[in-house]
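Note that subunit A is present in both complexes that follow, paired respectively with subunit B and with subunit C.
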Partner chain A sequence: MSHSDGEPTPFERVAERETSRTDYYREILDRNVVAPLRILISDTRGLFGIGSILFFVFLGTVGVWLTNQPESTQYILLPPFQDAAHPLGTGRYGNDVLLQLIHSTPFMLQMIAGGAVYNITMAVIVGTFAGYKGGRIDEFLMTIVDMIIAVPALPLVIVLAVIFEPTNPIVVGIVITLPSWAGLSRALRSEVLSVRTHSYIEASRTMGLPTASILRHEIIPNLMPYIMINFVNAARRVIFASVGLYFLGVLPTSGIMNWGVIMNTAYETGSLYTLDTAHWIILPMIMVVWLSYGLIMFGQAADKVYNPRLRARHATTMTQETARTEEAES
Partner chain B sequence: MKERLHDKSNAQQTQDPIYQVRNVSVAFDMDRGTSRVLDDIDLDIERGEILGVVGESGSGKSMFADSLLNAVVSPGQLGGEVIYNTEDGQSVDVTELTDEELRKFRWQEASMVFQGAQDSFNPTRKIRTHFVETLDAHDADIEDGMDRARELLSDLYLEPDQVLNSYPHELSGGMKQRTLIALSMLLDPEVIVMDEPTAALDLLMQQSIVRLIREIKGKYDVTIIFITHDLPLLAELADRLAVMYAFEFVEIGLTDGILEEPSHPYTRALLNSTPNIFAPVEDMTAIEGSAPDPVNVPTGCSYHPRCPMATDACVESDPGYYETNANHGVKCHYWEDVDNAIPLQVTADETRQVDVPAYGPVAMGTDRTPVLTLDDAEVHFESSQGLFAEPDAVRAVDGISLDIYENEVIALIGESGCGKTTLGKTAIGLQRPTGGSVSFRGQDIWDAKDGHGDVEIPHEAIRQSLQIIHQDPGSAINPNRTVRHTLELPLKHYNDELDMGDRQARILGMLETVGMTPPEDYADRYPHQLSGGEKQRVTLIRALLMEPDLILADEAISALDVSLRVEMMDLMLDLQEIFDTAFLFISHDFSNARYITEKSGGRIGVMYLGEIVEIGTVDEIINNPKHPYTKSLVWATPDLDETGENEDVPLRKIDIPDARNPPSGCRFHTRCPEARETCARKKPVLVGDGGNTHEVSCFRDVPNHEYWDSPELMNDEPSDETPTEK
Partner chain C sequence: MNWYIRRTLQALLTVYGVITFTFVLIRIMPGGPMESMRAQLIQQHQGSLTTEDMERINRIVETRVNIDPDQPLYTQYVDYVSSVLTGDLGQSTWHQAPVMDLLIERLPWTIFLMGSSITLSFALGITLGAIMAYKEGTILDVGLSSYSTFMTSVPYYVVAVLLVYFLGYQWDYFPIQGRMAPQTTPGLNYPFLAGVAYHLVLPVISVVITGMGGRALAMRGNSVRVMGDDFIRVARLRGLKPRTIAIQYVGRNALLPMYTNLMLAVGFMFGGAIILEEIFGYRGLGQLMYSSIGNRDLPLMMGCFLLITMTVVIALFIADLTYGKLDPRVQSGERHESF
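== the complex of A and B ==
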């Protein structure tokens, strides 16, 4: 290469002054955090989803810190909305249902996060790698995936639960959804197969970028809407599986407080058959449905966050000029 | 003085009009207002003529086709009268027909051939079924009908039985399009409306089909309305031309009249912007501005925002048709002055000297070292047909040797499926050759990658030196990332001594260099906020940021508008000078290949079925083509001045043989008009005539070869070819 003499070519240009780092980071923050958030809350579903999730997080942190552990009291099976001291009533042992629900939240949230993150990570790594690499690697990985899919999930989980008796919420989350990443990774793989036909992937390969970098920068961002929806679904699967398994009493319940356990206790003390105790089992159910619905709404709205058109429109650092072009285009 | 015709009819002297189109408009109601995609059209179509309708995309030309058959889809509203006159003197208004009458009318009186034959056939049914069903639906005699179908197919250079027994996917694009023409003529219609029937095909195929359409028209006595954006194509086909702009015809006249004395500024601009193989490259100019929006057509003359001659009068009053002579009408107030105001630039001068290249050195001396060397490179793809069949090898690249020198521009041309893209990708190390070798400055690329032997240049460095620009700018940049982010990645990877500020400065500097200003604004855009040309610039920058020694431009400008192509090629050449790179430019278009190689003093290589059949400088290839295939490609490239109505297709067959089973001997012998018996047995090699850059692979270039004594090859030799899939 011989452009050393005379005028520097644009290629040899270096900065005349330091770009202010704060400016740069402010812009990154704007594009990656502020703009997506704005898109999310500009949508009713997103607002509801984010609101619900924040509410539960609040409950599980500040709420736990503010309130006492539920204890047995003399008021047994108090119906809700009767006593200001126990707004949601009490259970058979006289413990406050509201407090029970609040103090179950941290366990639920940790379990959900553990299970969902584990599933998505496995699925994304295996699915995208197999899809992008193709050939032998793909065949090998997909054979394993197919074998996992072929194992019936429920019996496996029950067996594992009985053997390991997990009590740590994160471990519980992982155990109860152990094989479900396999189906997801297969679905992701086929998405990758279609993304990888784009010529920008070939361009990146021509530039000699390493596989991990191509996956991270070129492939996964394009699958994000899909991954988000599946993340939400995985989270919901953790909730339902845990509630179901605790309710059935498959998982160890002693010393653990979560919504499934509450329902299990309520059931075992016969509250399914009398109306007086119905609140004891219905209230945790409402929590389950609410959180699950909030997650669905969040997932649907998150779809929009990954739409570059919307993202560009909501970034404030975008110049007037660009904004106008945008307008003219639409 | 100017003579104004009765208001706005352009009814020229037609003796026996088959169509009389009166006040026809098509409107769509949209949120933004009424969208008029056809604006009060009057036109007579003479029985038995070929009328060429030319216009840019979005000018309303397809709507015109639809309205002739009353096939405007709702919610479009068709207004006005479309009078159709049958041969025995009856007149019907097509817009008034009932559904049942229309159904009959559409196949028996007027039929239509759309672009994209792909979608016109049901992929699960054989071609024969399509013919039989059409006959059946119109209660025609099946046996007579199929006889006619066979005749039509063979008139279109197809083998009737083979085609009828195929499924649509087994036919090549050109075959499908011809089959569709045959199908449209099955019920002996009087009129055929063809809407861009050749748009997706190679030039050679386009030209061949155009010839066949002329022949067929003579034989079957039909009227043809041929709609296209491609003016040169019509030059050789149409009797009359109608130029469409902003949803109306701005100029109508005999083809010769329009080409020789175009009287509307738009027609002139269109002619001047058309790349022409023989016109001096400096003379091609783009049309400024863009076509109007159907909701907001400019007042007065709709062309005034783009017209260099526009006056206040043009803004205020809509010009009617002025008659320049009995056969030529034009919608422009100042048509008499256009000659001086907008000179025509197309001059054909075949003996013209090739200009001294504006860039780079002329070809090469032997002392220069090549950047890249292909030595007898082969790429054979296995294509297995089902589980138990023997896998067929597609010989995409078959024994090609080529040296690419420092700063050289080489253009590879050939029809689709000839292997030029595979060759390009092999050259830059994206495709591993199945035979032969590819080396970069003497280092075998794949040895470097695998770590075989002494690796002098590490693979990483080679990888960086060979870059690519893709055909479709839409798919070449990640839609989820800003321009800045896209360009940062290669810099981060290869230039880690640059800090963040330097990277930014470099990216902005590059954006500015390619004319994307203000660069700060462009850097933060997402791809959807860029035009096609701008996206292509970003991919060009991305490739250049790697400081490559060779860039493969794979049909890099084909997806751009014609008027943008010249600009993009200029930019590539400008940057080439700054950055010292060689270009391997792949194109199916001779005009583009010529433009870029002529300006840079490069070479053109002609590929046919995996082989290079001729290579040389622009002058050698364009003005002195030696290989019969090159000659046919030159023939097929639009040349406005050569009317050549009686010139036959310079090929014995118009379809490319199957690459899985290439012909013996000279691969071109099945289509070569000069083929002799030797050609079917022996294979010519690519040779030059001593110290020259011009190399040809044809026996005709070898004096005293046994070719000259061998008998001519018979046309009807049995052929074992199966149709190609491409």
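== the complex of A and C ==
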């Protein structure tokens, strides 16, 4: 075992090519942020999806900062596109509808993020663990999951909302989708079942890697497209359920700015009887449909981001050679 | 273990779990229904409280929520579970009537409304999906796919509000609320049935129009996948009629995965009844639950929750048993090697 001559031992071998720190970070940025964005934008659906999401984020941050809080004015029930000062008209109490929509956005976004992150985290942990472990653990977890699935979500959420009266947007998002992770975790589990016996996972298991790291490094990356789509669906579920419950006035509405609350006020004050007042209830509906359609389009396009062939083509730091090895790995 | 026995046990366990959950919610939550009800009664009582007053208050609480605060916790629990299982859901504070009587009157209407919505949205969605799959790539397919995708992003209550607004208030084609025509007697007579159907149109349309898209897309995906399978090619080579292949080979195999979709839809739709029935003023279970929230009638709210849940659990149970007949594979049970 001489160290000075001949082939170096595996412990002494160093990379043939040296990468500086900036290069390293540039590469990470390029592969994980720039390339996916390029793929998204190259697709009409992705462009619409990411455009809509960025638009709402802009509305909820810069928009709120630029505009004043909606206040009562003497212009009552002004129709839209008539007055430059109130481009989308005003409501029964003289509130500017556009300002109401803008100032509701941060609450909506926080709620959506809270609910979606909670759902995906629960679903991924339970679903992948049950699917990977199999046997009794799987049976036990799936029995619980099936029980939760059998309970209709909306009545349960209403009962919880009435008793706890949540007002914090993130808490509202979580309460509203409290049982929804069960359905997702079942779907994820069946995806895991189809990859758990692959040879590379078998290899990791034989090497004695802990379950957590097999799940994190081998299984979850394989399910990313699926998780992404479900993340988007979870976000849509939060929007649908929350706007519905605020619209009905089941969740506490006082002092809360939300598209559903605007619809609730409009509905309660009889906005449906005449055409002149309908804009007040229809505009928040358009926002709801727009955001959820944008999310769907984003989800469909995001599917492509996880296609390694496409990602390699859009990443500048990747040569044909590295692209091919990456492809072979995944 | 036998698949049927296991499935039955699971349904029973779910029912038991839900009842326990409501007990915990009513009894144990600080500031939960029971405590707030007691506090309210104590507040209503002017002057100082004697032991007899306290006992009287506890009696009232007990008739309303089936929980006697005097008893130890486990006795309360056993009493609560047994009274719920024997159909005693307590006393409504607003209607001053047993919760069960109020619920039983509403239940058939909700089952009728939601049953027809689910059936129609699945029948139409599946047909549409199959057509789309067979016309894959044509303008018809692209058009219907985009339309379906868009419709899945529209909440059913938005369509419901718009339908009430245009077809109800503005053009007066359909009734804006109610579940049956006035001055008709329930029974098997034409005016009554026609009135019921007439009141059913708008709510059913709003569910079907929004729910159909997702089912059509799922069915389209399944059919396209099945059509690429080898056994379809073999069937074609054997010279079977295209119609036979479409229905017996493709249709049947594409339909089976739709079953999971149906399971989830049952719970989703019965839950959605609360919003839907309120918008259309349809006097069903959901509308009752909604009004109980406004009246702070907690025993009634809990009763509605329990009954809606039971309905869904039973519906899923029946669906599961019939599915076992359709696809024998599930009965063998899938158990995977444990790691």
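Everything below uses one rule, namely that the second predicted complex is superposed on the first by the 302 of 330 C-alpha atoms of A that agree within 3 Å, B and C clash if a C-alpha of one lies under 4 Å from a C-alpha of the other, contacts with A are read in each partner's own complex, and residues count from 1 in each chain.
To be clear about the criterion, contacts are C-beta pairs under 8 Å (C-beta built on N, C-alpha and C of every residue); 3 or more make two chains touch, one makes a residue touch a chain.
From a predicted model like this one, the values you see are computed outputs, not experimental measurements.
Asker: May I ask you to decide whether A:R205 touches subunit B, subunit C, both, or neither, giving the answer as first, second, both or neither?
Answerer: Touch status of A:R205: both partners.
Asker: Examine A:I112 and indicate which partner it touches, taking first as subunit B and second as subunit C; both and neither are also allowed.
Answerer: A:I112 contacts neither subunit B nor subunit C.
Asker: With both complexes overlaid on chain A, does A:V232 touch subunit B (first), subunit C (second), both or neither?
Answerer: neither
Asker: With the two complexes superposed on chain A, say which partner A:E218 touches: subunit B (first), subunit C (second), both, or neither.
Answerer: Touch partner of A:E218: subunit B, not subunit C.
Asker: Quick check on the superposed pair: does A:V305 touch subunit B, subunit C, both, or neither? Answer first, second, both or neither.
Answerer: Neither partner.
Asker: Does subunit B (first) or subunit C (second) touch A:P152, or do both, or does neither?
Answerer: In the superposition, A:P152 contacts subunit C only.
Asker: If you stack the two complexes on chain A, which partner ends up touching A:Y132: first (subunit B), second (subunit C), both, or neither?
Answerer: second
Asker: Where on subunit A do the contacts with subunit B and the contacts with subunit C coincide?
Answerer: Comparing the two interfaces on subunit A, one with subunit B and one with subunit C, the shared residues are 205.
Asker: Which of the residues in subunit C come into contact with subunit A in the complex?
Answerer: Checking each residue of subunit C against subunit A gives 10-11, 13-14, 17-18, 25, 29, 32-33, 149-150, 152-155, 157-158, 161-162, 164-165, 169-170, 263-264, 267-268, 270-272, 274-275, 278, 289-290, 293, 301-302, 304-305, 308-309, 312-313, 316, 335-339.
Asker: Report the residues of subunit B in contact with subunit A in the complex, numbered from low to high.
Answerer: Those residues of subunit B that touch subunit A are 428, 430, 460, 463-464, 466-468, 470-472, 475-482, 489-490, 493-494, 498-502, 504-506, 509-510, 512-513, 518, 520-521, 524-529, 539, 542-547, 578-580.
Asker: Within their complex, state which residues of subunit A touch subunit B.
Answerer: My answer: residues 1-3, 9-11, 13-19, 21, 24, 31, 198-200, 202-209, 213, 217-218, 221-222, 224, 306, 308-309, 311-312, 315, 317-319, 321-322, 325-326, 329.
Asker: Which of the residues in subunit A end up touching subunit C in this complex?
Answerer: By the definition above, subunit A touches subunit C via 132-139, 143, 146-147, 149-156, 158-159, 162-163, 183, 193, 196, 205, 211, 236, 239-240, 243-245, 247-248, 250, 263, 267, 272-273, 275, 278, 281-282, 285, 288-289, 292-293, 295-296, 300.
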